[in-house]
Each structure stands twice: as structure tokens, then as C-alpha cells.
Amino acid sequence: MFEIVFISTLNGILYGMLLFLMASGLTVIFSMMGVLNFAHAGFYMLGAFFGFEISRRVGFWPGLVIAPLLVGLIGMAVERYGLRRVHRHGHVAELLFTFGLTYVIQQAVEMVWGKLPVDYEVPRSLDFPAFTVFGTEYPAFKMFELLISVAIFLVLLLVIKRTRIGLVVQAALSHPGMVAMLGHNVDRVFMLVFGVGVALAAVAGVIAGPALVTQSNMAGLLGPILFVVVVVGGLGSLGGAFIASLLIGLLQTFAVASNASLADLFGSSASAGALQTYLSDIWNVTVAQVAPILPYLLLVLILIFRPRGLMGTRET
Amino acid sequence: MSRASDAPAAPVPDAGRGSFLAAYGIWIALAIVIAALPHIFSSGLALSMMSVMGTMIVFALSYNMLLGQTGLLSFGHAVFFGLGGFFAVHLMNALSGGEAPMPLIAFPLVGALAGLVFGIVVGAVATRRAGTAFAMITLGIGELVASSALILRSFFGGEEGISTDRTDLIQPFGLTFGPQIEVYYLIGAWCFVSMAAMYALTRTPFGRICNAVRENPERARFIGYNTQTVRFIAFSLSGLFAGIAGALAAINFEIMNSAQLGAAESGSVILMTYIGGIGNFAGPVIGAILVTYLQFTLSDITDVWQLYFGLLFIAVVMFAPNGIAGLLTLQEPLIRAGNLGRVSLYYPLAVVPALVALAGFSLMVEMTYRLSVGGSEMSFLYVPLNARAPLPWLAAIVLLGGGGWLFLRGARKVGQVYGDAVQEGLRR
Amino acid sequence: MTRSDHVPVLQLAGLRKQFGPMEIIRGVDLAVGTGERHAVIGPNGAGKSTLFHLISGHYRPSGGSIRLRGEEIGGMAPQLINRRGLSRSFQVTNIFPRLSVWENVRCATLWAMGYRYSFWRNIERLADARRRTEEILTEINLLDRWRTPAGVLTYAEQRSLEIGLTIAGSADVLLFDEPTAGMSRAETDRIVSLIRKVSENRTLLMIEHDMGVVFDLADRISVLVYGQVIASDTPERIKANAEVQLAYLGTEAA
Amino acid sequence: MTKKLALAAAALSILGLSAMPAAAEGTLKLAYVDPLSGGGASIGQIGLNQLRFIAERINAKGGVNGEKLEVVPFDNEVNPQKSLVQVQKAIDQGIRIIIQGNGSSVAVAIEDFLRKYNERNPDKNVIHLNYAAIDPILTNEKCSYWHFAWDAAVNIKLEALTNYLKGQKDLKKVYLIDQDYSFGHSVADTAVKMLKEKRPDVQIVGNEFHPLVKVTDFSPYVAKIKASGADTVITGNWGQDLALLIKAAADAGLKVKWYTFYAGGAGGPTAVKQAGLADQVFQITEGINNIDYKPAQETIRAYMEAYPKEPVYYPRLFNLTGMLFEAIEEAKSDDPAKFAPKLEGMKYKTFSSGDEGFMRADDHQFFQPLYISTLEPVDTKTEFDEENTGWGWKEVAQVPVKDTITETTCKMKRPK
């Protein structure tokens, strides 16, 4: 019992930190610009594929630096020539724009790299088990992933709380109008913030690419969960995103570890009826089976009962 | 005291005092078109495509009740489409053998009911919020339902879905609904009725209040309206019509599948509605027809058609936020001023270079694709070429660059001419 | 003071509103008599707009009571307060920008006409709503602009429309938040006479900075300073009130 | 109005939309309805390449019955409704042979559609040749006269696999993990049933379902497998659900034998190689490239010259086309009504090894020898690698046809 709890906790934290790595950029963008970047997972995927291309030419480590830079540049261009233009049509138009962008990124990646997974390998220097608990090995690369996530969290906190640009970002969170009046070039700040935000997604991509599968559907796989994280955490709250990432990571791993079903809870349903066959589906489903849809349930519940999210500062 | 009797400078709208033809002419014309189409396009493919178009028109219009009329961006509208279809299919199977006195033509009502009921249930949750939160709730609910559909196999039929036989019901008037043409007319009739109903809905007090809530929800509360109730009713009714569309799809294909309530279907209706134009009742109709047509045909022309599709959508969001219908209504002041003919002579200045640039762009895309799938020989617009040779690339760059440059100049000129003409029309 | 019969239609007692640690409204008592034209004045930041937001249901009070014809409305949703006959305008123009002037006003008439959420009646056939809309448009002098989208009206026209939206329903208590803000002298005069006209047979509570307008229109004036009403009286006596002069007029004179 | 409509009609027909001209004389058109865009496109493209390769070779030899072959691709995006539209399109073009494989949902939809279509159009029959969908209901509950299946259905593969496992003495504890949809469930249910029959001593220590293509992190599942003490995992997972599962298992240091349906599917070999699980991952298929059988090896080499990136992926497409052309030539007609009876019961030497298989008339299921193989770095004995990984499949065992036979519940309705 303790073994499964311990392992599940560890797995949950590892998965949660990967989620946070992606959610951090999304949160930064939303908190500054009020834009929920639907295409965020797309940039994450771009990061993974750029990382793959660079790593097979010059190695993993240069990729970790160059790929996010490239993606950040693309992001800045998208903001400058696309998002800024639709900004005046309001948030719905912005959301639709980034929604369209997910299609385009997805298709462009498929066009260039095809739909099959590419052979993106863990760097040699990290390809060994870091430690073993209860006979389960934990690869060094996963520990590296964890380290990077925590580091990014701390750096972002520092930047936001301690630096000038961070103060501008924070000010924009509560008084969007004031920042412009104070003479900051809001346009340039927006462009930069969007670039940095998607570059963070790309970092996640470069790291997750070898650990998971680098394939053209990786964006679609993680995208929806990402929104769950930022909405549950509270749109625009970095701390909230951090907590929500962990929460969702743990929720999923513990749910998977459980084999309980309604049938176990109440004994197998003996009541006969026309609905019996339909109900039997629900009745016999285990918690583990529904684990990956639990986050969506959580999302709906949070939005009903605590629309600001766990740590949000304003209603969505 | 009453100054209302003074003659106003412009006549205010009058209560349907226009002639019968002016009021209903367009609907009569529409009915004639629906009836006549199969005699013009009679191939099996054209029939099934037009059947899909009719279905999608209803679906897109129902979506626009949310996005266009009430300002609600939903990412989970296919839930109601799918559920409407599933309930219709299940009832068709339950009544197969023709024991119950329910002909096929009545089955869209089943979809309507299912759509309405689930619209009410989901709406009660989702419409508590508006804006981004509403969008996220619908996204979450869409994912929830789509994922659950794979778990609840007895109802949703797992991967295979649930299939049915539409001919296995009572058949009044000898209508078997075996041939596609009969199904087309069934869909056409329901499409016509649904269109009329949804149009009528925009011209009711509720329809106008939806617009008011879209424009300024805060103000709507201060003129006595509960915005949540408005959103809720709009959501439920839009579920109803989505359910009709789902049932029509079920009748057309005789199979429902859990993919039809998933994110792809929800995304597809957003694309249709927005490309067509959300600001105009005809917009989603245009969008549904165009997008369905493209979906049917583009895949025969290019393998990367979904890329073009995404780009088209982005282009509309950026440059024509009112969609195709919006571009058409831009011509209205010109028509009124009687100078459309003159102005439209200038349109090729923008359109031709745009097409040239598009050709250059898609040449690049197609060559990139050719290289990435391995190979180099291809043909583009019937011209055979080698994707590894520098010449086609040079040509593509010239086409794209030159076309783009000319387009920018041409578009500016067209904009000027258009603006002048509108001004001129106003002065008259 | 013949117009006011001193039966308070709107009565505030000990009304409070806090935002975090900041208390903006600190125990306001105010009575507005039926048929009265009542102005609220006070320096910037005194809490006038917050007061209106509390009365109209935009904010929920932290304490105290708001009674409309004796019925507690504090903390009610705005639409419920509106349906009880209290309607307000906004300091920053708050209309339906992409709807035509005609639709703006007609939407505002619908609830009071009993059409509510009706989705089975053809709106063009509602003769009474049409008549009422025409009346209001005539009253606010926008009838010849009925087709124009509200968003492209001039500023002064939008202010008129704002008033039109406020009076279109059946409300007989009107709250106007700085109706003449940002207007030229001539435009102000026009709005003042409009307000005078529409507030006949109704109760009026308004925030106004233009003292000319205030003393021209108001039967009574309340002075709000730092979240408290320091005086509530006839214009003449307010002019004479030393405390008011010190707290408000004095600062302006300096 | 009519003028406008006529114009529109003209415009549409330019775009090739209204009625297509009937098939040109002397060509036999085969419709290939599979994903060519979107998620499953790579698989669909591979199948198309193979089919085109076959058609070119046949055409070089003079065609079938003197008719030249033409493969017409239709993109269905693995979507049942879109597939029906594409089939309709094919029929409109006068094509009467539909070749399809990916997605049981698509196969069922087409099977159902053609059953009704052929009933409603008895003089113009269309046939459905299925090379990859393996849900047993295709040849059982839903079986249709107009549907023929060349890949071994789930129950057949499991019959073969369990017959092979009968002899594996080190097998003690089995864990089943499958995707939570009908295919995954039919794998799990059948495996449980057959294992109980054939190896009552084997303990089934887990029977897990996870959502289809939704899981990014499989480590919790791997932790459960580990905790159960299983020595063998049987899974029907495919695509990323298999790749991620195997990688997570390797990361956690899980040492078990993997018996899979689709380790050879797209992305599988890449993942197995990345995980470094040489000789631990097995698959069961109707053939692999590295079988020492000359005619197959030569064909594969020729194929890889034309399409250098990929080895032969679907040996069954060779079986399908070979039998189809034989039937057409025997019947001297390309009318499905005429050649379908020739397919029933036909015996055929399979592409991969030349051993004989047969098309069972009762349910139109092709029975053939099946192979258990494992992935490992290529050596002198194995010539072909997969997905450019340098790893290739090596035969572990052949399950003869007789050990693959299962019963069918099909009650075939033949046209009068």
C-alpha cells in the first residue's frame, strides 16, 4: 500500500511538473495580455520538433537553447503581425485566431515531418537510471525535467516580483490601462511577453519530446489538459498554475492506481430494468478507466463553484 | 404634447405593411431552389453532398445562435449534434420493422427533443458564465462527453458506432427513403423549416435581447434582463436545432459514431460559421455550403488541404471578421448608390494579384510537402515539375512576392475607390 | 417645494461599502421623496458613483439598507431592481453599439411591456413597443437617426440615447450619473431641458459636477464627502451651509 | 435565376463535381479509401504506395484480363461518415471495388452501407475488400456477402497467440492492458477466455483499460504492472498508446515480455528501439519482411527501390490483390457479382512464405499462417529494418493455418 502511494506521488509530481512547464508560458501570456493562447500546445510541439532537428545535427544541449529561441521569434512574429491585428475585435476574435493557429501549426508540422513519430532520443549524458525505489527505476532525464520545471517556476517568480519588467507585467494584471499611460511601449512588451511565453512552451517541448513521443498529434494530446491547468489554477496566476499542475498530476496518477468502480462500492446492481444494459457501462467502469477525464470534470466543477480558480485574482 | 405625430425625417420601420411578395419572396425562392437543385446536380455524389450541406446549414445556423447572435463562443457544440443523432438512431432501431406509426420524416423531432433536453442540462451549468470561462466550460464538457462516449459502449456503440436502416420503418405514401433523392428532399424540407424557424427567432423580443446581451451584457441587466437566463434560453434552443441537424445526419448516413460529438466536429462548425460570417443570418448558410463543398473536393486536389483550410480561417479572422457574408454586405451601399458596377471593375486589381500570390504560396507548400514525403516529381496546376530543382522555387518566390506586392497596391486602390464611392452614395 | 410630498420613495440607511480594507461608503443616510429631483454632489473620490452602483445593484452593500418604496433592494441583482421601477444611466456611455438606435431603445422597452423572453412573437408586429420606441426617440430627439448604429452616433447623441435607454422602461425612479459630462454649453442646455422633461412625474436622483445644472434642476441636494452625506437640503440652504462650503465649495473656490 | 444556376452548374462541373464520366474503356479502377490527411495519413499513404507499386507491376505484365489497373485514392480521415461520402464518390466514378483497411469503425460503416446499397441497387454491385480492420464483428454479427477480410481478426490472432503460448513454460503471470474501446475490450475478453481454456495454470494478474489516445504519462500504469508481479503483458495498444506505454515501462526498468498486436505499427519500432527492449517485444502478424522466402524478398527489394523510406508494411495487400486478380481472371469479368463467388473458398499461396491460406466461404475471412516475431537490431540473417531504426523483425515462430481457425457466428446472406 505504502509502496503504491509513494510511487504514485512521485509519478504524479513528475507529470504535474511537466504540465507546469507548459502552463507557465500560457499563464504569463494570459496574465499580461488577457489572451488565452489556444495554440500554446502547438508551440510546445514546434519546440519538440525544432529540438529534434537541432539535436540530430548538433546535439541535445544546443537544441535546448536554440529551439526555444526560434519558437520565441516565431511567437513574436505571430503576435506582431497576427494577434495585434485581431486584438481590436475583442477576446473572442483572439481566441478564434489562436484556435485557427492550432490547425495551421499542426498541419505545417505534419507537412514537414510527417505524421509518424520521429526518433528524438534522450541525450547520452542523462540516459541512465538516477535511483531506484521499490524496484522501480527513475531515469535521470526525468529528474532533469523536474529540475528545469522548478527552476523555471522560481525564475519566473523572481522576475515577476523583483524586476522592472516584472512590475510592468504585474501592474498590467490589475490595471491594464495604467501601464500604457505610464509611457511603457505596451506593444513591445506584449510582443516580448508572447515570445517569452511560447518560448517556455518550446522548452517544455524540447524536454518532453524525448521523454514522451515526438509526433504531430502531441499538441492535441496535451492542449486541452493545459487549459484545465490554467483555468483550475486561476487564469493568470503562476502560483495557481503550479498548484493546479501538481493537483492534476496527482489526481490522475492516484485515479489510475485505483481499481474501484460503482459496482465495488454498492455491490453489483441487481435491479433489473430496461436501462440495465446502459447503466452497466457506468456501473462497472473503474476509477482508473476514467482517470484521464477527471481533469475535465474538475474544470467544470471549479468553474461552477469557484469561477476565479484556486488562486485567481479576477473572474474570468 | 405628442410630437410623435410630426413627420419623421426617415420613415421608421412599419409593422409588416409590405407586400406579401416582399416579405416572403426570398423564402419562396429558397423553396424553389431546394426543390430544383437535384434536377440540376443529379449525380449520386452531388445528392449526398447537398444532403450533407442541408444538414450542416442547420448545424451552423444553430451554432450562430450562440456565437453570432448571443456572443457565446462554444467549443462543444457537436455534443448536441451527436446526441440528437444517437437518440434518433436508437429510436429508429427500436421501431424497426415498422410497428410503430412513426415515419422517418418525424425523426428529426427526436433529435430536436434530445438536443433541447441536453441543451437545458448543459446550459444550466455552462451559461452561468460568459466569455472565456464559458468557452472553457464548453471545451471541458465537450471533452467529457466525447471521452465518456467511448466508455458508455452500449449507448454509443464504441468505435463502430450505432448503425440503422432508415427504410425499415412504416412507409406512408410509398416513400421508402431508400434512394438518396428522397432523403435529400427530407433533409431539404427540414432544412427549410429550421432555417425559417431560426430566422423567425431572430425577429422576436428574445432574439433582439440576445443581440443586446452580445453587445453589452452589463447594460442588458440594467434594462431588466437576466443575462444568464438569456444565455440559457439561447443555449437550449441552439441545442434543439443542433439536435435536428444531428438527426438529419443520422438519417442521411444511417450510422452515428462517437467521433461526431468530438472536438473535431465542434471545431468544424466553428470554422463553417465563422468563415461564412457570424454577423449576418445568411453567413452560416454560405459557410456551411462552402466548407462542405471544400471538404468534399479539396482532398482530391491536395493532401495538405487542411493546412489551406486553417489558413483560410485565420485570414478570415484577421481580414474579414464578418466573413464572406460580411464582404457581400459591404457591397450593399454601392448597390443602393448604383455604382457597384463601376467599383467592381477595380476588384480584379486586388483579386488577380491575390490569386497569383496564392498560387506562389501553394506551390511552395506543395513542393515542401512533396519533399517531405520523399520524392520530387509532381505536377502543379497540370504543370509537371521537379521539387528539387531551383527553378520552380524561384518561380514560387516570384509569384508570391510579386503577387503580394501588387496585391497590397491593388487593395489600397480598391479601398480608395470603394471609400469614395460610398461617400458619393451618402452625399446623394 | 410643492413637487415633493416628502414620502420617501428611496431611502438609504447606514449604507456601507468596503473594498478590502478601504471603506468607500461609510454609513450613508439619504431619503429621496416621491417626485423629487435630487442631486448628489461632492468632490472627486467622495464615493458618488459607488453609491449609485450600490443602489442600482451593480455592487452588493457591505452593510446598511436600501429601500425602494419601503422594500429592501440592497444586494439584489440589477435586473430585479430595474423591474421594481428603478432605472439608471451611466457615467461612461453604456449602450449597445452595433445595434441601431431604434433597436437600442426598443430593447429597453420590452421588459416593461411584458414581452420579456418571448421567442414566439414577431417583434415587428408589436405595435405598442413600436409606438413607445417612437415616443422615446421623439422625446430624446433621435427619431431621424433611428437606423444609425448606436456606436457611430456623436458623443452628445450617445448621451441622449443613454437617457433614452434609462427612461424607456416603466421605471419611475431614475438615476442619472453625470448626464452632462464632457459636453459643450449648448449640448448641456439641451440635455438639461431633456432631463427636466423626462423627470416630470418621476423621481430623479442624479450625480452632477456642473453646479449650474445642479442648482437649475435640483429640488434638493445632498453633499457626499468621504463616503458620508454631510448635508441634504434645498439648494438655497446647501449654498449657505458652512460645512459644505468648507468641505466642498471651499476647495473648489480655492 | 436559372441562368445563375446554369452558371453555377458549369462552375461546379469544371471543378469536377457533377457526374464524372464513366471509367474509360480498358481500365480497371480500384478505389482506395483510407486516411490520406490528418492523424492517420502516414499509414494510409504507405498502403497507397504499396497498392500503386502492385498496380504498376501488374500493368507492366499486361494488366488483369487485358485491363490496365488504376488506383484511385480517396481520403476518409478515418471518419466513418466521410468514408461513406468517399465511397459514394467512388461509385459515382463507376468504381466497384473498394479497398479499405484502417479503422474498424470505418470498415463497419462501409460494410453496412454497401450491404444496403447492394440491396437497393441489385444490378450494380460494389465490393468491399478489407485489408486491415480486424474487429471480429466484421465477419461475425455483421458479416456481409460483399465484404472480404484479409487480416486475421482479433479472435484469430489470439487463437494463434494462445496456441503458441501453450508451449511457453516460463509464462506464469499475465497482465492485460488495453485501450478502452471496443477493439481493446475484444482483445482483453478473448484473451482471458482463451488463456483460461488453454493455460488454466496461468494467472491473470491484471486486466486494465485506459482511455484511447488520451494518456501522456503511462508511469502509473507501469507501476501497477510492476506491483502485480507480471512476467508477460498482452496488449492490443497501437500508435502512441503503445509507444508511450513501452517507453514508460523501459524508463521504470520493467522487465516483462510484451505480446502485442501492433508493435510493428507506425511509431512502434521507433519506440521499442528508443526503449532498448531488444527481444522483449513480440508481435503477431501474417508476415514479416525477414522471412527467408525468395519471391517475397525480391519483391520487397524492388519495392524499397521505388519507395526507399519504408519496407513492406502490409504483406496482406499482396495477398488481397493477388486473389482479387485471380478471381477476376477466373470469372473473366470485373463485375463483383461475377467474381465474388470465385473468391469464396479460394486457396492462395501467401506472399510472405508461400504457405497456403484460404478464404473461408462462411464468413469471408482469410485464414493464413501467422508469425510471432520480435524486434532486434538487424544482423546478417535479417535484411530489412523498420522505420530506419536499424532494428528489424525476426521470426520466433510460425503458427500454422490449422492453429488459427476459429468458429464464426456469421449467417451469410447471399444474393439470389
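The chains carry the letters A, B, C and D, assigned in the order they are written, with residues numbered from 1 in each.
Everything that follows uses one rule, which is that a residue touches a chain if its C-beta (ideal position, glycine included) is under 8 Å from a C-beta of that chain, and two chains touch if they have at least 3 such contacts.
Given the structure is predicted, the values throughout are model-derived calculations rather than measurements.
J.: Find me the chain with the mean Cα position closest to the mean of all the protein Cα atoms on display.
T.: Chain B is the most central one.
J.: Which chain has its C-alpha centroid at the greatest distance from the C-alpha centroid of subunit C?
T.: D
J.: Between subunit B and subunit D, what is the separation of their C-alpha centroids in Å?
T.: The computed centroid separation for subunit B versus subunit D comes out at 36 Å.
J.: Could you state the distance in Å from the CA-based centre of subunit C to that of subunit D?
T.: Spacing between the chain centres: roughly 73 Å.
J.: Averaging only over C-alpha atoms, locate the centres of subunit A and subunit B and give their separation in whole Å.
T.: Roughly 31 Å, centre to centre.
J.: Can you list the residues of subunit D that touch 2 or more other chains?
T.: 38, 41, 180, 211, 214
J.: Residue numbers in subunit B touching 2 or more other chains?
T.: Expected reply: 147, 151, 153, 304, 306, 373.
J.: Of all possible chain pairs, which ones touch?
T.: Every touching chain pair, ordered by label, is A-B, A-D, B-C, B-D.
J.: Note which residues of subunit D are touching subunit A in the complex, please.
T.: Of all residues in subunit D, those touching subunit A are 38-42, 180, 208-211, 213-217, 219-224, 226-227, 240, 243-244, 247, 251-254, 266-267, 270-271, 273-274, 387-389.
J.: Any idea which subunit B residues touch subunit A in the complex?
T.: Touching subunit A: residues 67, 71, 73, 125, 128-129, 131-133, 135-137, 139-141, 143-144, 147-148, 151-155, 263, 267, 270, 274, 304, 306-307, 309-311, 313-314, 317-318, 321, 365, 368-369, 372-373 of subunit B.
J.: Tell me, which parts of subunit A touch subunit D in their complex?
T.: It comes out as residues 3-4, 7-8, 11-12, 14-15, 18, 110, 114-119, 121-122, 129, 132, 135-139, 142, 211-213, 215-217, 221-222, 225, 249, 252-253, 256-257, 286, 288-293.
J.: In the complex formed with subunit B, which residues of subunit C make contact?
T.: 56-57, 77-79, 82-83, 87-88, 90, 94-99, 102-103, 106-108, 110-112, 115-127, 129-131, 134-135, 137-139, 143-144, 146-147, 165, 168-169
J.: Enumerate the contact residues on subunit A facing subunit B in the complex.
T.: That would be residues 36, 82, 85-86, 89, 91-93, 95-97, 99-101, 103-104, 106-108, 110-114, 224, 227-228, 231, 235, 277-278, 280-282, 285, 289-290, 292-293, 296-297, 299-300, 303-304, 307, 315-316 of subunit A.
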